[in-house]
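One chain, chain A, links the two complexes that follow: it is found with chain B in the first and with chain C in the second.
What follows is the complex of A and B.
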């Protein structure tokens, strides 16, 4: 198992893109559209600029910490106690993220394609894929993204161009949404959608060449921003801005509408195939990160066992009899604010304190 | 042999099984190497768009260098002007 493999620039960019765009496959685009109505484009550009500014600040703050991820930085800042606290917070966020995505997507697949099956069998396939991916090693996981991501981007572009032609432009008006307050103040919480900030902090020790870190962050951000924007535009155009209580499986309904004349119709199964591979890759990488965090926290030499534990925990969590409305509450409120607190408060406070401490140490010497 | 695994997976779980099989198959192949060179070179790991990368391939008469990842003793495949009869008229 080769977990000491260091990734190149393109591999790192594609990993971050997969981690960000997997959110689209769960119902997050629906919550986004529901929050701001027809002001989707303006709101997304607005939060994109804010998020980008925070990312630049994050890159600047992390410059002084060579070959360190957030766990190492927290150890330098607050010793072992903060390291363990930071590790547990990171694991909680990652597990929740994986749980929500897996539960949501597997329930969509079960409803549409496997209505006679129990959800256990569907979850088992995902968990087994994650186990195998972590058993084979990080090298293969990083390389498989090089195959997946171009197809994901092509699928998003194909969806966009096939749907955009048949839509009424009036669905996008009013451009600023129902009110300025909703679009610019309440809509600020939509920043959870671009969750690059929560993942890039784990990236530095995995890179072959640390000087590429800035380029990787910026390029991956731009690619995921464009992909998410395209999907949000077509979601908004197709489903209108009328707020509804019940989230539709927006991406699935979106891809069902894709047709090129009467020759190519209902190619949703191809898209779902891509979505499934995307989710496999996303979950595998999340479990890989959990393994790494555990390894750093408790100085474990062999991470194999932790994959089994993490996968078993995730599987049992997904089997928990949670109703769909509770799941949607988790997605729309708990996960949203947890990501915002984690990315913008927790990570930044550790980095700012770390930079401050380094400056004081430098002044003393 | 592997096709039977795909058939069984497809029978049990349809497209989900096939996708699972493809994902695992691809994972295993990505970890393999052939004489020290990764199996899917030059696509994965991506080696850039120059020098006959497999994505944009030049005409036979323009292929002057051997692929870099082969680490050959003689990097030049053919001369700069390989079709001498065109130059000589």
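What follows is the complex of A and C.
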């Protein structure tokens, strides 16, 4: 296991992009457009500006903490107790995100391609791959991710251009959606969509060159923003102009409708393969981050053991029978507000208190 | 050594388990691949589902030129829903019905008038069905249309369905109507659905315009000239041929083909609560035949023909627009979508009450055609 490998600029950017765009595979894009309707573009620009401002603030607040992630900072702020608390919160957020994505996607795979098989085999397929990837090490993960992300971006572009040519783009108007209140006040809860803020705080100690941190954050943010926007636009075009239809998985239905003339059609299986690879990469990074947090919390040296525990826990969680309505509630409410609280309240309060403490200490000395 | 042995064993396991051969009960021979699916109404709120499936070629050696050559059989069943009907057929035929090669969904006019939302949703949810499978409305029964495919001269009915769709490119007599866009439009908030309309005459199937829907109900159909007008208004006209009375000779005719040299412009205003829709169309005309008395070298003559063509198109397009608004109250040209784009919020747009007022629309059509080429090598 080579988990002390330090990543370069491009690798770091691609890791953040895969972490933030993978959630599109679950039904989050539909929940987003369902909140704001045709005001999707304006709302996404609006929340994009808010998220970006917060990220710049976050970079500024993190400047004083050299080579530290959110766990290290919480230790400096509130000692071991806060460190454990922060670690557990981070693990909860990561596990829940991974659970929702894996559960949602494996259900779709089962429904569409393996209806005669038990979901346990599909979950095992994912979990084993994630386990093996974490055994091989962070270096391989980061390097393989370099190969995956360009294909993900290409797939998003292909989906966008195929659907935009077919569907009447008038469903993107009126540009401010149902009402200003819905777009700017209710739609504020959509800030959960760009979840870069949840991940960049783990990035600093993994970097080869810490001075690139600001650049990495901004570039990865812009790429993720564009990718998510393109998917949101086609989701709005395809689903939100039809009030009686609510897709249980919008991404599958999106890729199903992709065709270029009558020669290239039914390429959904190709896209699903890409989604599978994307999910592998995403889950592997999530498990890697959980490993790191556990290691820091309890000073464990054997990372293999933590990988086993994390993967087994995720696997067991996914086996828990959960109805579609419960999954909808988890995705649309629990995950949405959890990410908002974690990114905009929890992380920032730790950073602000940390900065405040440092200033007091500096004034004293 | 141990690692290599492990990898070899793993490769064998993967080879056997991932080829799909482990479950020998499901192979390609165990499916019936449906080419066309028909829906008719039956008694007691039942539907009659008909499937057209290829059967073995009668003489494969004599017809080796095409691998697709085949005869086909039609099976029908009455049931309450599509899924139930497919289930009964699965049981009856002892093979699983597979819709992945289905080229057309044929719905009878009488069933379409009663509303087809639930059937379209059911089909659209079927993962086997292709997104671009065509939706066809038959003036007679769907079963009749599927049966008449055998008289079309086509050895393989999927080709015929493709031809029906492709005619839009060179005749403009109908539109392309994939199940994906049809299912989308049928539930759309600002655009009504359309489908290919076919007639069965003397055992021959022919496209006869466009089927017009209001919500999920078929409200009428457009003839071929109105279909051309629809394609012009929606900017989807590829090419079409028309014949009109000659302005030079009594009882003479002028043949010309038309393309659009510029995109159609549409402007919408509300005047006294009624939509005023102004449409500017820009056709490019090539005269194919006009009799012996027409001198192409005279700019005066060309101007006269241009003027006549403009008037002709204005009349066709106006007739079409008043038909969809007054007779059918169906906004198949998505005027609502265009007009709502001029508002900032839906709250503001809802005050217009478009659904109610669309029927009161009045239109101004301006056609600016240009004769680009006579397309003739010899004067007649």
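Convention: the second predicted complex is superposed on the first by the 358 of 365 C-alpha atoms of A that agree within 3 Å, B and C clash if a C-alpha of one lies under 4 Å from a C-alpha of the other, contacts with A are read in each partner's own complex, and residues count from 1 in each chain.
In the analysis below, a contact is a pair of C-beta atoms (placed from the backbone, for glycine too) under 8 Å apart; a residue touches a chain by one contact, two chains touch by 3 or more.
Values in this document were obtained by computation on a predicted structure and should not be read as measured data.
Asker: Have a look at where A:48 lands relative to chain B and chain C in the superposition and call it first, second, both or neither.
Answerer: neither
Asker: In the superposed arrangement, which partner chain does A:87 touch: chain B (first), chain C (second), both, or neither?
Answerer: A:87 sits against neither chain B nor chain C.
Asker: Look at A:354 in the shared chain and tell me whether it touches chain B only, chain C only, both, or neither; answer first, second, both or neither.
Answerer: neither
Asker: One more residue to check, A:187. First (chain B), second (chain C), both or neither?
Answerer: In the superposed model, A:187 contacts neither chain B nor chain C.
Asker: Mind working out whether A:259 is in touch with chain B, chain C, both or neither, as first, second, both or neither?
Answerer: second
Asker: Would you check which partner chain A:37 touches, where first means chain B only, second means chain C only, and both and neither mean what they say?
Answerer: In the superposition, A:37 contacts chain C only.
Asker: Sort out for me which residues of chain C touch chain A in the complex.
Answerer: Within the complex, chain C touches chain A at residues 23, 100, 121, 127, 130-132, 162, 180-181, 184, 187-191, 334, 337-338, 340-341, 343-349.
Asker: Quick check on the complex: what are the chain B residues that touch chain A?
Answerer: 13-20, 22-24, 26-28, 30-31, 38, 40, 43-46
Asker: Going by the contact rule at the top, pick out the chain A residues touching chain B in the complex.
Answerer: 2, 8, 10-11, 109, 113-114, 121-122, 125, 128-129, 132-133, 136-137, 139-141, 143-144, 146-147, 269, 272-273, 276-277, 280-281
Asker: Would you tell me which residues of chain A are touching chain C in their complex?
Answerer: Touching chain C from chain A are residues 37-39, 111-112, 116, 166-168, 170-171, 173-180, 183, 238, 241-245, 256-257, 259, 262, 265-266.
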